[in-house]
Amino acid sequence: MTAATSDAATAPAVAPDWFAQKRRRGNLIVNPLVPWVMVGLPVAVLVAIVVYPTIWMAYHAFQDTNMMSLFSGNWTFVGWQNFATALTDDRFLGSVRHLVRYLLFGACLQVLLGVALALILYECIKNNTVRVTLLILLVLPMMLPPSIVGVLWKFLLQADNGGFNHLLINLQLLPANQRIDWLGTRLSLWSITLVDVWQWTALPLLIVYSGRVSLPPAIYEAARVDGASSWLVLRRITLPMLKEVIAIAFIIRFMDAYKFVDHVSVMTQGGPSESSELPVYIAFQKGIREFQVGEAAAQAWLIFAVAAVLITLFLKYMKRVLKAQAIA
Amino acid sequence: MARLELQHVCKGYDRPILDRLSLTVEEGEFFVIVGPSGIGKTTLLRCIAGLEVVDAGRVIFGGRDVTRVPPYRRNAAMTFESYALYPHMTVFENIASPLRARRMDEASVRKAVLEVARLLRIEQLLDRRPHEVSGGQKQRTALGRTLVAKPDVYLLDEPISHLDAKIRHELRRQFHTLQELRRVATVYVTHDYAEALSLGDRIGVMGDGGLVQVGSSREIFERPNSIFVARHLGQPSINEVPCRLSRDGGALTLRSLEGSLSFAMNGSQRTILEKVRGDVLVGIRPQHIHVANGGSTRQIDNARVEAFEALGATGVLIAETGGVSLTVLTSPEENFEPGQPVRLGFDVEQFLYFDAVHGRNLKA
Amino acid sequence: MSQSNYRLIKTLLLIFLGIWLVFTLFPLYFMVITSLKPVEEINRMIPTFWPHTLKLSNYAGIFADPGSLKSLADSVIVSVANTALSLLLGTLAGYALARWIRGAAGENLAFWILSNRMFPPVAVIIPMFFLFDSMPWGTDSYFSLIVLYLVFNLPLATWLMMVFFRDAPRELEEAAYLDGFTPLRAFFRVTLPLVFPGMISVAMLCWIFAWNEYLFANLLTGTTVKTFPVHIPTFTLGSQSLWNLIMAFSLVAMLPPVILFVILRRYMVRGLSLGVVKG
């Protein structure tokens, strides 16, 4: 047998030459270009359908584009005027107030309800078949087309012969001769919120439920052995471990809710008399119906900018909280 | 000619792992690479297989330079430490996989797979899925997959590390007898030195950056070229006693730096250590210390028992003498109590001496 | 706390759950019975909670009406085509991002792709409306919806497929390479079967979104292409909405996603939770 040679008997104190001038050698398996092409295709599509509109909107937000100027190509630079108009427009500001109420009593409530319902479902119902059946039933609203849900509730919330009022009467929650004008000026926004809660509570419910299912059972057994009460277990074990999941559910709902106008479109069209208008809806109307493109662009950007900032802040806050928790 | 050659192979990620490593494994040779976890043994195999591209150097299969050839054209076969069996295919299909890649006809595939399965005694499992068979059977399926491929080089990455002792023993026996592995070069990686000593025609001990010593199992065990190698081979580990040479009068004595252990150097020992300056790390294998009964010519010291384990075939005694704790191999039938006095005899001729600074074997 | 207290609280909680369940199911129940009522019964001042007469012909009417059938067909065309496209592009990008594009560039790219989901559709549709209007295919076309739904579905598909590919062990592909399979063959033979359940959940999520989508369809299309969410509000007789027909048709249109969900719910839950947990 021939002798083998080995050069590196002891570790070199200084990095050897070949390592110091090492370039990225890539790999032998695929041509390095291939992955970039694979990613490039979808990225190109996204650039076309997202980046292009974004830039377009950013540009026109500073122009006075409207129907005529759009097709003729004559628009003029107006600086921050569109933004100023939007921020001083009572109608727009009103819609922002509506949005805050809508998110507070909509998305936030949904997350709270979703968590509560998910945990009740998981902890209080032990029979797996029953549990799964109930889960399916509870999650059903999320699967339905929002426009149909809107139509359905429009039907139910009719003041005179709507099913919802009469259900309340039958349940003795409403005097027989009274009718609540759900879609009237006073309550239209609350009705929209109600429908939102009806349809979308299922999403946080599903997310938190999935999260709860995937928690390690060993901790619960240990807690049981230690004799911890259910309330304690809930407070000290379940909720802290689900913090991340709940936060994600909240972000997802928030991200979807602030731009969601299907229900408004179908049920109230923002009315009556602007009582249920949301900012995105106004932007839509301005842009597609009134062709006030410049103003619509400014509004859209305002909405998006605020939402992006809020989401980013929330994400940063969550990262900090979770990092602290991970260390602990 | 199916010799495997590595010429000055270099590979690093955030630090260098293989530094100008050169190695030749002859056709038919069973070469074992042994070393601590994380040292780069798997990286080396992956470089030979082509799953990693080397930063410098060449890889040559039987005269063919495959350095820039992708793994699917290298004709190497590898068993992964995790077996990497396809979970959605049967054992039969797993083994047949390399043949499917070559688009071999169904009849030949059946024949080849059955042959290998019979050889490895898993022919009754061919219809099962990987998750339905035991660890040892999974390992044999993985081995079957490499055998059926008839590659230019076999690469085995810790194939039996995760199996229990009995199965390991049986599979080791099978490695000895598999003639197919003798057709070309085989590189076998393990962290278990006993496996290495048992299986390897030649053994390479891997340290930081490459192979620190290559040789037959006997060479490596009896003449380790550094304390690193000596430390790595042997269970229980070699006793290491840092000592200083003192020359008073004409006598050459090794005195331990801690405690008061000392060994007189005479004859051949003296010749070896005569010229040495600086401190010496003395390596004493547990089997070269004995519990002395009655008279003997070896150096004897009084010691006190610290702990004793009876382990089936042998006994491991930890005794303290002259302020130094030493591990000693004894017969398992002894009965030592902590604190009990014993007398230890040392086979001084078997001592290994290493340079205290670099760890180099002074005897070499 | 004592046993009886515990039981009491548990009962209260279950009642709460029960109330919510009733609240959730009542509208659906009402929808079903309305779809079975004749027109006269619907317009009564006090609605009935149990149909006095059953009129199944409401449903028959749907299948006889070419407009309704076309809207269902259009929905199928748009949703299936978009799902296929999203899945194809998402798988390509997801695989590249999971296996080969590493480091900061990869992470940033993946995050940017996902962040597109945050975008308000209004910001997309206004420019695209005018752009497509000036194009030969116009806004009222299958192409416009199929492409525009990618705004939402493509980031989702890419992100989820990337997560699923990351989950599939690299070593299996490497074993395939050593067997002699090229990366392409290895992908189809080893990787794809492993991520297949994931692909199903991605397909489901994408398809349900495309099937249910209203806003873009309403704004851009209406004649050449008319998906069912756009078609439903047209069930009017004079100024009165024909609620019974609307409900009947809505139930028919709602069935596919619901049935799919019931059958494939495990995939959906897995897809959602994996995407959420790893996201």
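By letter and in written order, the chains are A, B and C; residue numbering begins at 1 in each of them.
Criterion: a contact is a pair of C-beta atoms (placed from the backbone, for glycine too) under 8 Å apart; a residue touches a chain by one contact, two chains touch by 3 or more.
The shown structure was predicted, so the numbers you read here are calculated from the model rather than taken from an experiment.
K.L.:
From the C-alpha centres, identify the chain that is farthest from subunit A.
P.N.:
B
K.L.:
A-B versus B-C: which has more C-beta pairs touching?
P.N.:
Higher contact count goes to A-B.
K.L.:
Measure off the straight-line distance from the CA centroid of subunit A to the CA centroid of subunit C, and report it in whole Å.
P.N.:
So the centroids are 15 Å from each other.
K.L.:
Which whole number of Å gives the spacing of the CA centres of subunit A and subunit B?
P.N.:
56
K.L.:
Got the subunit A residues that touch at least 2 other chains?
P.N.:
In subunit A, residues 27, 29 touch at least two other chains, as defined above.
K.L.:
Counting only residues that touch at least two other chains, what does the list for subunit C look like?
P.N.:
177, 183
K.L.:
Name the residues of subunit B that each touch 2 or more other chains.
P.N.:
Residues 50-51, 70-71 of subunit B each touch two or more of the other chains.
K.L.:
Applying the document's contact rule, which stretches of subunit B touch subunit C when the two form their complex?
P.N.:
Within the complex, subunit B touches subunit C at residues 49-51, 70-73, 75-78, 80, 82, 84-88, 97-98, 100-102, 145, 149.
K.L.:
What does subunit C use to touch subunit B in their complex?
P.N.:
Residues 169, 171-172, 174-183, 185-186, 190, 193-194 of subunit C touch subunit B in their complex.
K.L.:
Quick one: which bits of subunit A touch subunit C in the complex? Just the residue numbers, please.
P.N.:
Residues of subunit A touching subunit C: 27, 29-30, 34-36, 38-39, 41-43, 45-46, 49-50, 52-54, 56-57, 70, 113, 116-117, 120-121, 124-125, 134, 136-141, 143-148, 151-153, 155-156, 160-163, 166-167, 170, 198, 206-207, 210-211, 214, 229-231, 245, 248-249, 252, 255, 258-259, 261-262, 265-266, 280, 283-284, 287-288, 293, 296-297, 300-301, 303-304, 307-308, 311.
K.L.:
Report the residues of subunit C in contact with subunit A in the complex, numbered from low to high.
P.N.:
Residue positions touching the partner: 1, 6, 10, 13-14, 16-17, 20-21, 23-28, 30-31, 34, 43-47, 49, 89-90, 92-93, 95-97, 99-101, 109, 113, 116-131, 147-148, 150-151, 154-155, 158, 177, 183, 208, 211-215, 218-219, 228-229, 232-233, 241, 243, 246-247, 250, 253-254, 257-258, 261-262, 265, 269, 272-273, 276-277, 279.
K.L.:
Touching residues of subunit B toward subunit A in the complex: what are they?
P.N.:
Residue list for subunit B touching subunit A: 8, 10, 12, 15-16, 19-26, 29, 50-56, 68-71, 201-202, 204, 207-214, 225-226, 358.
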